[in-house]
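Order of writing sets the chain letters: A, B and C. Residues in each chain are counted from 1.
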């Protein structure tokens, strides 16, 4: 079984938020970093910038807590996806997810958004100037 | 299709809580003045009656963004525009970080704050929800303390805050505005203007997005810029990336343009303790990037030893190395890092503070100010322990700090005894860490800068030292005045245009080409532009507005000069012996004014203003 | 011994060259390298590297590349090592 995810490395992250910008543009059609599927959090008076985003769980809490069936797991690609048509913006997935900022609800559409690794070619990885986000593959051929 | 602008101007009168309104941004206005400096210059000129006291409720303080702010365009900042209490000139002061972006996401290109609150307040801008809230419990907090308090009070940890420290509250004339995290709009006393309005902070949260004309073009341009920075052409980028602005210290010290002991000399043997290598060893831990900046020249870390250990500090920027460091003969890098941090916390412009401490040290050395005047402090050059004490005295206006808090020009006037000869300022703004003897172009740039002694309106030092041509220009000799007016005019247009796009000048030296700025601008706005059209169309127009503003305030030729110290020969370095003679100053000014289409007093002529589309100012 | 020099603006444009290898005797310093460069490339390099007024070589011009977080300029008497990669920087401004 394939698992892959975009992983953030705080030791390399400069907190520039380029990842949030390109992510929001790809997913929401405009620069709206607040609702991007990746979030940079500053800690210790700014001494660390910590990128956080969905880890594409093997057994996703968000999927199991969605009563609308709006979250599905693509076993072939190892991606946990939100089916926008089915999403009601009820926020139960956000409540169930332990990762800071991994799921957002853009008020303009009232639909949940999370990382789907851009189907294998993540924009954040492409644009990060310090390689602080990387696409990691685990297992599979 | 978007064009980068948020589309609204927010107007707040703190004197009257019901006076909050928004105007749509007029696109004709936007196209004529771009944003940033251009917007600020035009708005301040129109809003402020001449000779208004900077602390009058009528003097607005404006948060100004530009079309590129909040987009993928790299390292675009925001600015604060107001009339300076330090100089009485036009004042635009810039900060990185991500406060300006958040303002755009909240829906505003410009926020104009006028009036004066009866009691301390802070302003909360959450999209369309604007509130003026009580800040009496925040009054007295330093700029670092306020962030957590305010964010938990408004229950929004992702909000962005811009605030003043105790110095701003106490109307120290060079108080800064701090923006989280670790970014400051430093120069010219914008923080004091905020303080005069009883405005402690602005907290903003924006939930909208910014759309641009051509996303693909913007992305391609950004990728090209990263490529240009990293591996092609100017290799200065990796140096800045690794070393930040203190990587320039070695250059500056060897070429003798780095102030030492209140500008008595321009080179010293302590500078090498304070460069990037010294700082990295002392406290750097990680690299810090402003919003959307791939350069990340800033560093952050923690002092590891000595009396200040445990203090979290960011890079001591080049300017502060030159002023709080070498200018005060402080060669201890831990102490230097702490002194900058102290200025930031108290809300003092570290450039001006370093200049004034250097001035006070020279007064002490000459016996004009004694231990008794200083409340028992020995303020010999290099005494960093007592320097910290003096910085506190300035911020709280204690003892002699009350005089120094007025800026070096007024302090020297008050102290008298010949101290005016070594008060290093132009139009009241304390000179930065580019000491001009040996590079007359830098001198002309400082003389004619619109906010007084400022290196960010033109700083031709690199081109002068290496004898290089500017784009479309020609090479000049280092200590010759020949060609320097042309060089400075070009640079002033360059900066006026690009500051209207809120460009970061550090980033602009890191390998991004000038054409890239035009391309970013076109991709975002959908309006055609080339680098040279930006300069000829906007650069010159905006430069003439700020000149007209200052003219209206009473500034003319006699104010375009250098302090007496720069008229004495330079004691050492490659340009040893160079000084500014009155003859050289006059020659440069004559040529500069005439090439600009200004009269001999430095007033833009009617014809010039009409040519630049500034008809409404032509009869002023 | 051999060191690799990378040229950047404006020398790259002037010389039409991105990089070059320079052969130097063991124990050579930055000053020796600068002399070698100006012998090989003549006036334009000489003008850039040596201060026109005093003839003094500008030490800060040179810095090591390829090592993360090391950027400090060399001094004129710094001894070079075999295989070092060095860059000559463009004029700095701002602050």
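Following the convention adopted for this analysis, contacts are C-beta pairs under 8 Å (C-beta built on N, C-alpha and C of every residue); 3 or more make two chains touch, one makes a residue touch a chain.
Everything quoted here is computed from the prediction, not taken from an experiment.
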item	value
Chain-level touch network, classified as line, ring, star, complete or other	line
Reference chain C; chain at largest CA-centroid distance	A
Between chain B and chain C, centroid-to-centroid distance (C-alpha), Å	33
Rounded Å distance, chain A centre to chain B centre (Cα mean)	37
Distance between chain centroids, defined by C-alpha means - chain A, chain C (Å)	46
Contact set on chain C toward chain B in their complex	6, 8-10, 12, 47-48, 51-54, 56, 58-60, 63, 65, 68-73, 87-95
Residues on chain B engaged by chain A in the complex (per definition of touch)	2, 70-72, 98, 101, 105, 144, 158, 181-182, 206-212, 215, 219, 222-223, 226, 285-294, 296, 300-302, 312, 314
For the chain B and chain C complex, residues of the former touching the latter	233-236, 238-239, 241-243, 245, 247-248, 250-252, 254-255, 275-277, 280, 317-319, 322, 432-434, 455-456, 459-463, 465-468, 477-479, 505-506, 508-509, 574-575
Touching residues (chain side chain A, partner chain B) in the complex	11, 14-18, 21-22, 24-25, 28-35, 42, 44-49, 107-108, 127, 129-130
